[in-house]
Each structure stands twice: as C-alpha cells, then as structure tokens.
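Okay, structure first, notes after.
Chain lettering (A, B and C) follows the sequence in which the chains are written, and residue indices restart at 1 in each chain.
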Amino acid sequence: MITVYLDGQPLVMGEGLTVAAMLTLSESSIARLSCTGQPRAPFCGMGICQECRVTIDGRRQLACQTLCQEGMHVERTV
Amino acid sequence: MKNHKTLSCDIAIVGAGPAGLAAARAASVSQRSIAVIDDNPLPGGQIWRDGPQVSQLAMAKDYRRVLSLPTVRYLPGTRIVASLAAGALLLEDAQTSYRLDYEQLILCCGAQELLLPFPGWTLPGVTGAGALQALIKSGASVAGERVLIAGSGPLLLASAATARAAGALVSGVYEQTDRYQLINFGVGLLRWPGKLAQAFKLFSTRYRWRSHVIEAMGDRRLEAVRIRQGDAEAVIACDRLACGFGLVPNTVLAQHLGCSLEDNAVAVDRYQQTSQTGIYAAGECTGVGGSELALVEGEVAGLAATGKVEQAQALFTHRAYWQRFARHVKEHFGLRPEIRRLARVDTLICRCEDVALSVLAEEQGWNAAKLQSRCGMGACQGRICGSIARELFGWSLPEPRVPLVPARIETLMACSEKDMS
Amino acid sequence: MSLQARTAAADVVIVGAGIMGAMCAYELASRGLSILVIDNGTGGATGAGMGHLVVMDDNPAELALSRYSIALWNTLRKRLPEACAYRNCGTLWLAANDEECGLAEAKQARLVEYGAQSEWISASALRQLEPMLRPDLAGALKVFDDGILYAPATARWLLHQQDGRITVQEGDVTRVEGNRLCLSEGGWLTAPAILLANGLGAFRLLPDVPLRPKKGHLLITDRYPACINHQLVELGYAASAHADDGTSVAFNVQPRPTGQLLIGSSRQFDTLDKRVEFDVLGRMLMRAQDYLPGLGELNAIRGWTGFRVATPDGLPLLGQHPDQPGLWLALGHEGLGVTTASGSARLIAAQLLGEAPPFDPAPFRTERFVGVASHTPGAAA
C-alpha cells in the first residue's frame, strides 16, 4: 500500500493506480474547475483532452497518464 | 542544462500499443538500436493497457518483451513536444527533456475516441466509452455503480464488459446504428471467425440499437441520462455515462512532420511508408482497424524500415484480410445525422475554453472561430473540439502548433543550447 | 450588377481587415463615408501579435504618434466589449542595473514632455508589485496609460460599428492602380479612394515599397493563478527592437486576463518562414526566465510566429501614394500597429478629408520611400 496526498489529505491505496483512478477513490472525482467555474473530471482517459490536468509535486501534469507514487502530492486545479 | 539529455537511435518508434510493439519486434531482429516512446506510463496502448485491475493476455505479455531487449530503449510516460529538425524530436517526461536523434521513424500513434457534444457532456461522471475502460484498467473504482454505455462501434461492448467485470451495474448499452446495419455487421463477421467469437463473448442482453443519448443531467455531477431508443425517450438514473462515437486516427504528429493525410488518416504506401521518406506509420493512425490490423501493419513497417522487403511483402495478404475487416466496421457504424445535432445552442463545444455552440455557429471556419471565440485555444489545442467541428460543421482540422502537447517552458528552453541548434 | 460594371464600390475601399484596416474603416465611417473592406482571410500581424498598447519613445515622431494613439484608445476603451479584453495594466520598464536606471530616468523625461504619466518604482516596491520577478532588479518605470487588448476581437468590433456604413467582403486583391483594384475572382473595383492596410500583403501589390518583414516568436502558457500584474518589458527592449540585423531577443511578458502568460519577444530579418525556430524560441525563453526565474516550471500550450512589417526608418507610411492619386497607404507599423492604429487612422482620415492633421504628418510621408522621387538621391526625408 502507498500513501498519496490529495489536496493535503492522505489517501491510502494499492500500487499501480493512475492519479485519475485515485481521484475516483476520493470524495469527489473532480480534477479541476473550468475557466467558467464548472467542475470537470477525467474525460478521455488517454491523454488527449487535458481535462484531468492537476498539479503533481508542483508541476501541472495529466492525472490519467501519471502513476501514483508513495508520498506524491496532488493538487486539483481550482 | 540540467534535466536535459541527448539520445540517439537508428529507429524511433512512437507508441507502445500493438502496432508499435510489433514494429519494434520486427525491427529488433536487425540488431539496430531502437527507441520506443510512449506517453502512457505502462506499455500496451489502449487495447493492451496494463494496470492493477487487468489480467494481461499472453499475447500482449509476449509482445511487450521486446521492450527489455538490450538494443531497445523504452521511454514510457514520455511525450513528443515537437520535431526540432529532420531526424530530431524534442521529448519530455515528468522530470527530463530529451533531444532524440533518429535515422528512421515509425509512427504508431493510435486513435482517439470521437467524442461528440450533447447537453451535459461536461458533467463529472461522463466519459468516453474507451475512456471508462481505460480508467477502470488504471484502477478506478466503479464497483456497485450504475453505468450506461452509449455511442457507436464495437468498443461499446468491450467497455461494458470491462465495467461489468469491475463490479459495475451496466444498465444499458446504447448503439446509434440501426438493427439492419447491426445484423449485416454480424453476418459479415462470418468472414472473421475470431471476431465473431469475440462479439458473442461480449454480447449483452442490455444492448440496444438505434438508440442514443439526448442529454446528461445532474447538478455538478451526473445523476441521470435521457436516452432515445427508437421513437421513445426515457430518463435513466445512473452514476456514470460512457459515451464515444467510434475512433478517429491520431494524426497530429504526422501532420507536424509534413506527412500527407488521406481520408483523415496518415497516408502510407504498401510498405507503410508515409509521404516523407524514412517516416513510416502503422496501426490506427493510418486508419482505424483494430489490433489485428495494427499488429500486421506494425510488423510490415518494422521490416520495411530495416530493409527486409521480402519478409514485409509476405505479410501483405494477411494485412489485406484485416483491412477488409476495418472497412466492414466502418461501413456499418456510420453516424446517423441526428447524432450531429445533439448539442443545443448553450452546449459547450470547446471544453478547455468553455465555448458554446451558439458562438461557433456564427463563424465561417476554424481560423476565424479560433481567433474570435477562443475555441481550440486551450490546453488540448483543439484535439477534442477540432474533431467536433469537423463532424458538425465540416471544418478542416486545425494545423498542429508546437508544443504538440503542453510542455514545460524549461523543455522548450533546452533547444537554444549549442548542441540543439 | 457585375463587378466590372460597378463604378464606385464605396467612398473608400480598404484592403485588409486587421486592426489597421478596421480602425481606418471605423474612423472614416464615423465621418459618414461608406466603406468597403476587402480581406483575404489569411490573417496577419493582428492575430499574431501581443496586443500591447504602449507609448514608445525612440524618436519624437514615434512618441507623438504612440502617445496620441494611446489617448484615443483611452476614450474608446470604455466602449469596448469584454471580448476585446482591454486591461489598463500599465507597462513596467524594468531596470536591471544602474545604467538602466539612467535609461529609465531619460525615458521618463521624454514621456513627460508628451504628457505620458509615469512613475519610478523602487527595487523594494517592485518586489511587492511583481513578486515573480527576480529579486535583484534595480527598479522599474511604470507607464500608467499603457494597456493590453485582444486585437482580433477589437478589429471585428470596430468593423461592426458606424451603423452599417462598413461592409466587409472576402476577396483577394491581385493588383492596385491608383484608385482601382483587381480581385482574383476577376473584375476591377473603383472608388474615390483606395487604402492599403494589408501589412505584409502589400509586398505583392507594391513591390517598390521598401517594407521588410521582421519575424517574431510568441509563446503562451496554460492558465495559472495570477502570476504577474503588469506588462513587463526590459529597458533593453528598444535596443533589440531597433537593431538592423541579426537575431535578437528581449524580455517582454504580458499577463492575459485568462491567467495565461504571453511571452515574447524575438526579432529576425528577411525571412518569411512561418515555422517556429527552436533555437530562437529557446533563446527568447532563456531571456524571459532570466527575469522570471519560476517560468521554466510552467507549461506552455502554444507557440507561434508573426511578421512585423517595417519601413527603413521604422516609422509607418501614412498618406497618399505620391505617384498614384487615389491610392492611400497605412503600412509599415512594425511591432506597434495595434497601439498606433487609432492615431494612424485619425491622420489618414484627416488627410483624406482635408482636415487639419492631429499631429505633424511629415515624418510619416509616403514620399520618404515610395514613388519616383524617393528613388532619386537625396530625395528621401
């Protein structure tokens, strides 16, 4: 099991999940708010649509193409 | 610059799905150095996507072995930012940027889902059909959730099967094409017995034809979907809607490299060579056709790129068999006109910049729309809304701009160093 | 009625629907004239540029034109709809060292003369104002009236004003001769006055006009929570902007209202290759990071190029063609076309209608470089 921090809150999970999958384990699967404030979640699942971009360890990256790592910090883009 | 490296190889292969792996395997026999670049963290592409909830096919495992050969350098989680010059690509992964020099290039960029807009399609809980499959394979939890699958094409059944296996309650699979087309499709499958068996295995009693989504409903999250089935409408409560209207080839990198397109796919000759000498393409970026076709095309490309012309020729018959299958699928899942009219005036077309249909409908073409409405100006660079505009308005796809995907400024800065000029 | 049979297409036919053509149309139509604007839809500097409204002071003529233009924008800006994205963010001219502090002081003195308000920002105040900048800068000169706008939307808005007196038509002009022009679909259009405001496109129509393209690169980031608050430009920018040769880069970054950073700038001569050149882009970004150390971590989403069209002395050509009565030029604004569109259009209108010019038109006379006289030694201004 590994621990990932989502907006500062620890989440314990098995290994091998993508950050997008991890979001579905949280209270809300939202990745970001759109430019008009709408909630958005992973959509295309394969690195095309950019809906799931979040800040991972300080850099903006795609949740659907990033594997969770022990101690990783993920912040939603709001 | 720290965090920047220069690599070189004889053959660069873009994509580690079936086509890319087959190309790498065929080319590896020559003992030439190979680099396989893939944006996913794990190999397999979409169809052989690996993850915590996947029991991988033996064939997929077998093909993956090529990535651990000493002559093969595998770059997972790595995106192609731009072509720097003939024979040089700029890449980045989560930490590092790379200049990759190559002699020959094989594009196996795959396909993306055709994701068409309907009211509510931006609500969390709505994904593509293949997207749901990808998310589940990557570890997303859907156990006990009520899932609806809709759209068009054989992917719907595969997606439903994946969701069901992960514990979801699939309450319906809604295919837009009509019964007549489906029966013809099924009968036609007799020519590809393996595919027929697969269809039987995946078939669901929840499968409905001539049916499609009208709208997704919910307050900040999906709560229900309005479905039209034949002439009747129904509202069905659900937690997830997975909706995709088939696949379209990924041609962005090929266009950027100056390769010609034909029928919205990368144009190739019988050796899978594109209009640019030394650049080959295989798999669904050259036309959607499934993994069997991708495998044989990848093999032809890998052989041709290493000069094994006769061995490549020996595969042409086998390739033609699967090319016929690709045409068979395409012929039976054409979109009905009403599918292109699902969006209402206030439905967003550009999800990056939140541009509604009403704004776009006033524009004459992609360039004006982009300049005036910001449609396609966001992070996805029109990858989603560009395909939509093509389907809805007949506009041509946007010209790829660099960086081809969002990239760190640090990566783009690395290009000014002496060795990069 | 066929095009051939037409006598006057409008009071004035303008070639080019970019910011310059649109502003000229707006200005002339406001005086009651009917205007036909013809554009080939290929896009030019209006769509490619930054949309920085900035007073430039490299010579008195440029300062007079840009200062007058900014004043006009200030009266217009209240009417611009949100799509034009006007923001009165001001410009911070950054001084990296004592020498550049001296440049700032001289600049301030010149601006005062023309009524442009500015204020010296100390090093510590600058750190408060723009914390993303590197902390060791010596200070900055803030020019208050400068701003930004989104030029493509502004051009379109201008063309929709004036109660229908402006008509826009898609078309490709292949020849101009005095007060008539030929369209590629065939047929000549005649009007009392024809105005070329088609930037780079004028090359093809008037090969003897010495216009030189200066290629520039721009890059825009993803949206981020507000990083900077003013248009930030290094004081060395002018040196880069007025170099005559070679490739130069300068730090020039704009905060878009979207939260994106628009990063410039580069200058290259005598190329019409639209491709992004990574060597130049890289140098430009290194320069930008030198001022904004955190920049490298941000994601860029799009890079592109555009061409500034420059005359030999860097000032635009504003007026009638000396040898072709009825043919008017509003060309060669280099990187300052969005800023000076308002003032240039006012000057063109004044000359066309015989009004008193709003500022000294002499430095912008077309005779400097155009027509038979300009080719005889010593004739150029």
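List of remarks:
Quick note on the criterion: a contact is a pair of C-beta atoms (placed from the backbone, for glycine too) under 8 Å apart; a residue touches a chain by one contact, two chains touch by 3 or more.
The chain list, named the UniProt way, goes like this: A = Oxidase; C = FAD dependent oxidoreductase domain-containing protein.
Everything numeric here is computed off the predicted structure, so don't read it as measured data.
Note: the chain lying farthest from subunit A (Oxidase) is C, by mean C-alpha position. Once CA atoms are averaged chain by chain and compared with the all-protein CA average, the nearest chain turns out to be B. Set against one another, B-C and A-C show the most C-beta pairs in contact at B-C.
Work out the mean CA point of subunit A (Oxidase) and of subunit B, and you get 21 Å between them.
Rounded to a whole number, the gap between the C-alpha centres of subunit B and subunit C is 42 angstrom. Distance from the subunit A (Oxidase) centre to the subunit C centre is 42 Å, each centre being the mean of its Cα atoms.
Counting partners per residue, subunit A (Oxidase) has 35, 53, 59-60 as the residues that reach two or more other chains. Across the assembly, subunit B contributes 378-379, 406, 408 as residues in contact with two or more other chains. Contact with two or more other chains is made by residues 222, 297-299 of subunit C.
Put simply, subunit B touches subunit A (Oxidase) in their complex at residues 39-42, 46, 51-52, 77, 79, 94, 112-113, 115, 122-128, 130-135, 138-142, 220-221, 351-354, 378-380, 383-384, 405-406, 408.
Residues 82, 84, 90, 367-368, 371-372, 377-379, 381, 401-403, 406-410, 412-417, 420-421 of subunit B are the ones touching subunit C in the complex. Across the complex, subunit B is touched by residues 13-18, 20-22, 24-25, 28-30, 34-36, 38-51, 53, 56, 59-61, 64-67 of subunit A (Oxidase).
Interface residues of subunit C facing subunit A (Oxidase) in the complex, by the touch rule stated above, are 222-223, 258, 297-299.
Contact residues of subunit C toward subunit B in the complex are 41, 43, 47, 83, 152-153, 156, 219, 221-222, 263, 276, 278-283, 285-286, 288-289, 295-304.
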